[in-house]
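Quick heads-up: structures coming right below.
Look at the two complexes coming up: chain A is in both, with chain B in one and chain C in the other.
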Partner chain A sequence: MTISVAGVETVELSNEEMILSFLAEGGDDFVSGAALSDKLGLSRAAVWKHVETLRRLGYRIDAQPSRGYRLIEVPDRLTSLELAPLLSTRELGREIHHFETTGSTNAEAWRLAEEGAINGEVVIAEHQTEGRGRRGRTWVSPKGSNLYLSGVLRPEIPPARAAELTLLAAVALAETLREAGAPATIKWPNDVQIDGRKVAGILTELSADVDRVHFIVLGIGVNLNTAPRDFPPDVAEVATSLMAARGQPVPRALFTAALLTSLEAWLDRWADQGFGPVRSAWRKLSSTLGQEVLVRSDANELRGVAEDIDDSGALLLRVGNKLERVFAGDVEQLRTKKS
Partner chain B sequence: MTISVAGVETVELSNEEMILSFLAEGGDDFVSGAALSDKLGLSRAAVWKHVETLRRLGYRIDAQPSRGYRLIEVPDRLTSLELAPLLSTRELGREIHHFETTGSTNAEAWRLAEEGAINGEVVIAEHQTEGRGRRGRTWVSPKGSNLYLSGVLRPEIPPARAAELTLLAAVALAETLREAGAPATIKWPNDVQIDGRKVAGILTELSADVDRVHFIVLGIGVNLNTAPRDFPPDVAEVATSLMAARGQPVPRALFTAALLTSLEAWLDRWADQGFGPVRSAWRKLSSTLGQEVLVRSDANELRGVAEDIDDSGALLLRVGNKLERVFAGDVEQLRTKKS
Partner chain C sequence: MATKKPATAGSGAAPTSLDVEALRQIVEILESSEVTRLVWTNGKEKVSIRRGTPPVTQVVQHVAAAAPSPAVSVMTPVHHSPSTGLAPRSSAPVRAPVAEAGEKKGHLITSPFVGTFYRSPAPDQPSFCEVGSQVKKGQVLCIVEAMKLMNEIESEIAGKVTECLVQNAQPVEFGQPLFRIEP
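Showing the complex of A and B:
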């Protein structure tokens, strides 16, 4: 069955996804069996069978003969069944490849993209054994409590513009974290932090020729429900989680759906209007601009004041009288300057 | 056995490659069995056995008891055996993966790179069934008479700089064609032409994250010995070959070795001095600069005078009073302007 999202596009949902969608809409109220049967074009016995399937999958659904059905609890899992009813995207996350364990979601998405995965297909894993970060680093990926997600994107851009997507993802991430109650900021280029500790990371990889990107794999790792004490000691010093920041666990499916929705909205705006709106939003969310920083890249260290990012996402660093453009590197914030 | 190249690096050559190398050095003169035996540290009987192996592989080697050995003819093949004795590169082409037929040498090199191929490994095919060109086009690849080559490169650059390699390859190609006696020029960005007809093409593909290229596959197709009448009719109108241009067949191994040598020299200069020297050489070889041109990209057409290329390889096009930067597209030359 297909439903219309935002009155524009239609997406395929299974009967289980449809039922969850209507129950989620009902909130604490009961939805009558007659209404479900009507909306799905199924017999009331068939509706009951699908509800039973959902219960076996871990959904707690209250059923009362006179009043109908009510959703009490959703299992803490990130398959299409949990996410589809919560998503209001056209393409992003409409096809979800879910893994209990994988090497890295980016490697998995890369493989799918090489086999022809379409724009918006997403890989989610409960656990990564070889989670990767920027510059060949590892991304610690404990099981079951966080979000490890990689999306396949096929924008028609030259490879030089791929860096814009990293900043775009940082904006969507920081905004989603703020809506979830944490004061997230972005350290250039794309470290998402809460109170100076890393809560999320982004790894954007691309396959391209010099004229055109073939595909992009946008990888996102977010520390959601891992307690800081459960990180390895060296990571615990510099990392935090959304749960630690707001003092209560995060419903992972809700967060993931909100993030995918925000990402797609930003991707649409970017496709329409270019990098300008992303740049403006990034500036507002940045903790780097106005600061005296030390930037380390492969061979060099540069010390200066981070003035702005330019229209390609490069950091503009005031070093003495010169304004240097920095394309890649790690930023260390030295001290806060009044701005 | 290893020999020293240019007094700096050592490369591994097989005994057959060593013998061919010494015979090639000897030119029309005989090289004595004693000298070969001495240089290779092998008995004269062992030298004889290797010469016999070479003869079975198609090499014509003259042997006279009193004078020694002389190389008469080399088979028209592009394996390591033909190329290694002619190469003076450190890395490029030192490992050659030779195919009679493959889908595309770029696809093959991409696969090897993903499996860990090192900088400089090269794929050569006698025939491509799915030869690819820029912007998703096909590259007609008849069997046995031309050059279809893809190299794996691992420069430490951000993805935006990959386009420089395409212009670098065009320069190396045009120079090698000129040394072979054909008046080659470059049409922006990287069509190598003789008298306005295409003789060679370049397809540069990259795997990267936004900070750094993982690897680049530099694909080169050169029409060497295909007669224009042997191209499909639509290709014959716009294509030519080195043989057609200079009126005699091209020794493919010599051309390939010269091209790889030139490419490595340019890659070394580029690594040391950046894009500047490539840009200067490109300007001198270009047929586009100073011309009134029509540039077609996906959505637009721009008409103007091609003034220069900038320090990233983009075309600077004078349109009325404005100078437009063009990153990708196809150039049609409208008429020659006196410059």
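Showing the complex of A and C:
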């Protein structure tokens, strides 16, 4: 069934999703059973049945015979039931594959993409048993408190431009965190930090041949409601969460919807205007530029001053008289000289 | 790994139902047409002809349906295996399969973008492949990373890795050769 939400876009929603949309729109006000049955083209008894289904799924819905229905509480889950009513995206997150637990959302998204998943399909897990980081590292993924999301993207670009997406994602993520009240910054290329501690990581994987991108899996892990003391000791030293930064828990569905919305807006801008706007937003959000940094790769270390990023996103590092282009490595930002 | 070599003329060439004359005629038709690529399959036999630059004509014989060993699937550029009997001679109306003199044999795997080259999935893990490894088509050979975008580079053909042209964790340019694979 198709319905226009907020008068903007047309999307496919289930009856439950539509009821939630109307109740969410109603806010603290009651929405009458008659209005719901009218809008959905269902009998009032059928509306009641769907409301009961939602209650079994953890939604608290107030029902009063004379006034109708009112949404009181949404369960802290990230299925399309929670997200669809909050999303205003065109494609991103319109199809959500939700897992209670999975090895890695990137691996799931990769598999789905190979099976033909379309642009914008998203995998979300409550828990990852093999959350991945760069160069075989793990991403600590406790259950039910954070966001582990991977999206399938099919941009029409040559493979050489695919890396631009990793900086774009960091910009969208840092902006969303700032809107949620945390002073997020980006460490090159796309670690998102709060006060120098990692709050989110992005790992992107590309499938391409010489001149064409088949698909890109954009993996994002965000520490939302994990208390720092609940991280393993080695991670606790360097990690933080949005909750820790702003002092109160984060409604995960709201954050996820806001992130997907921001991501799609940036993807659209990037498709229209190229990397330029991403690059300038990245520079403003970056904590790396102007710093003395140490870049470690598998084989070597490079120490210098981070001057800028170039038009592909590579780090331009001043080492003595030379300007080095850095494409990969772990950046350690050394203490800034303070006067 | 057990490998089976392609049959050679000396040891009794594998017969093919597509005879040389028929192939020549096909190639001639292609020459005078706009068609740049033709793939013909008949049971276990497959002939693939491509025209244009870079000029390549490939003949794939006996595409093994359920190959016990990956190397059984023989993919042989014509100009490297005249023994198949299908290689057009210099008089044949095909420009494509003339190998440049002095050029090393084998297929080059190149980098799709500027980045950093890794031979292993993680620093403490073994390389995806070594010189001398037999690799399948689609097997991962290395990773190229740029700005935490990881691209696992797969072998475009089945064969033996005869050269690894870049050291681990070194920068690579767009189009830079990474491996040489001999079919």
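By definition in this document, the second predicted complex is superposed on the first by the 330 of 339 C-alpha atoms of A that agree within 3 Å, B and C clash if a C-alpha of one lies under 4 Å from a C-alpha of the other, contacts with A are read in each partner's own complex, and residues count from 1 in each chain.
In the analysis below, a residue touches a chain if its C-beta (ideal position, glycine included) is under 8 Å from a C-beta of that chain, and two chains touch if they have at least 3 such contacts.
Predicted model, so just to flag it, every value in this text is computed and none were measured.
Look at chain A after the overlay: chain B and chain C clash there. In the superposed pair of complexes, A:Pro228 makes contact with neither chain B nor chain C. Applying the stated contact rule after C-alpha superposition, one finds that A:Glu205 touches each of chain B and chain C. By the touch criterion defined above, A:Pro155 reaches neither chain B nor chain C. Chain A has more of its residues touched by C than by the other of chain B and chain C.
Touch criterion met: A:Phe327 reaches chain B and chain C at once.
Once the two complexes are laid over each other on the shared chain, residue contacts for A:Thr166 go to chain B and to chain C alike. Touch criterion met: A:Asp298 reaches chain B and chain C at once.
Touching of chain A by both chain B and chain C, each in its own complex, is seen for residues 134-135, 159-160, 162-163, 165-166, 189, 203-206, 208-210, 298, 327-328.
Residue ranges of chain B in contact with chain A, taken from their complex: 134-135, 156, 158-160, 162-163, 165-166, 189, 203-212, 214, 298, 327-328. Residues of chain C touching chain A in their complex: 110, 112-116, 118, 121-125, 145-152, 167-171, 174. Interface residues of chain A facing chain C in the complex, by the touch rule stated above, are 134-137, 159-160, 162-163, 165-167, 189-190, 202-206, 208-210, 216, 297-300, 312-314, 325, 327-329.
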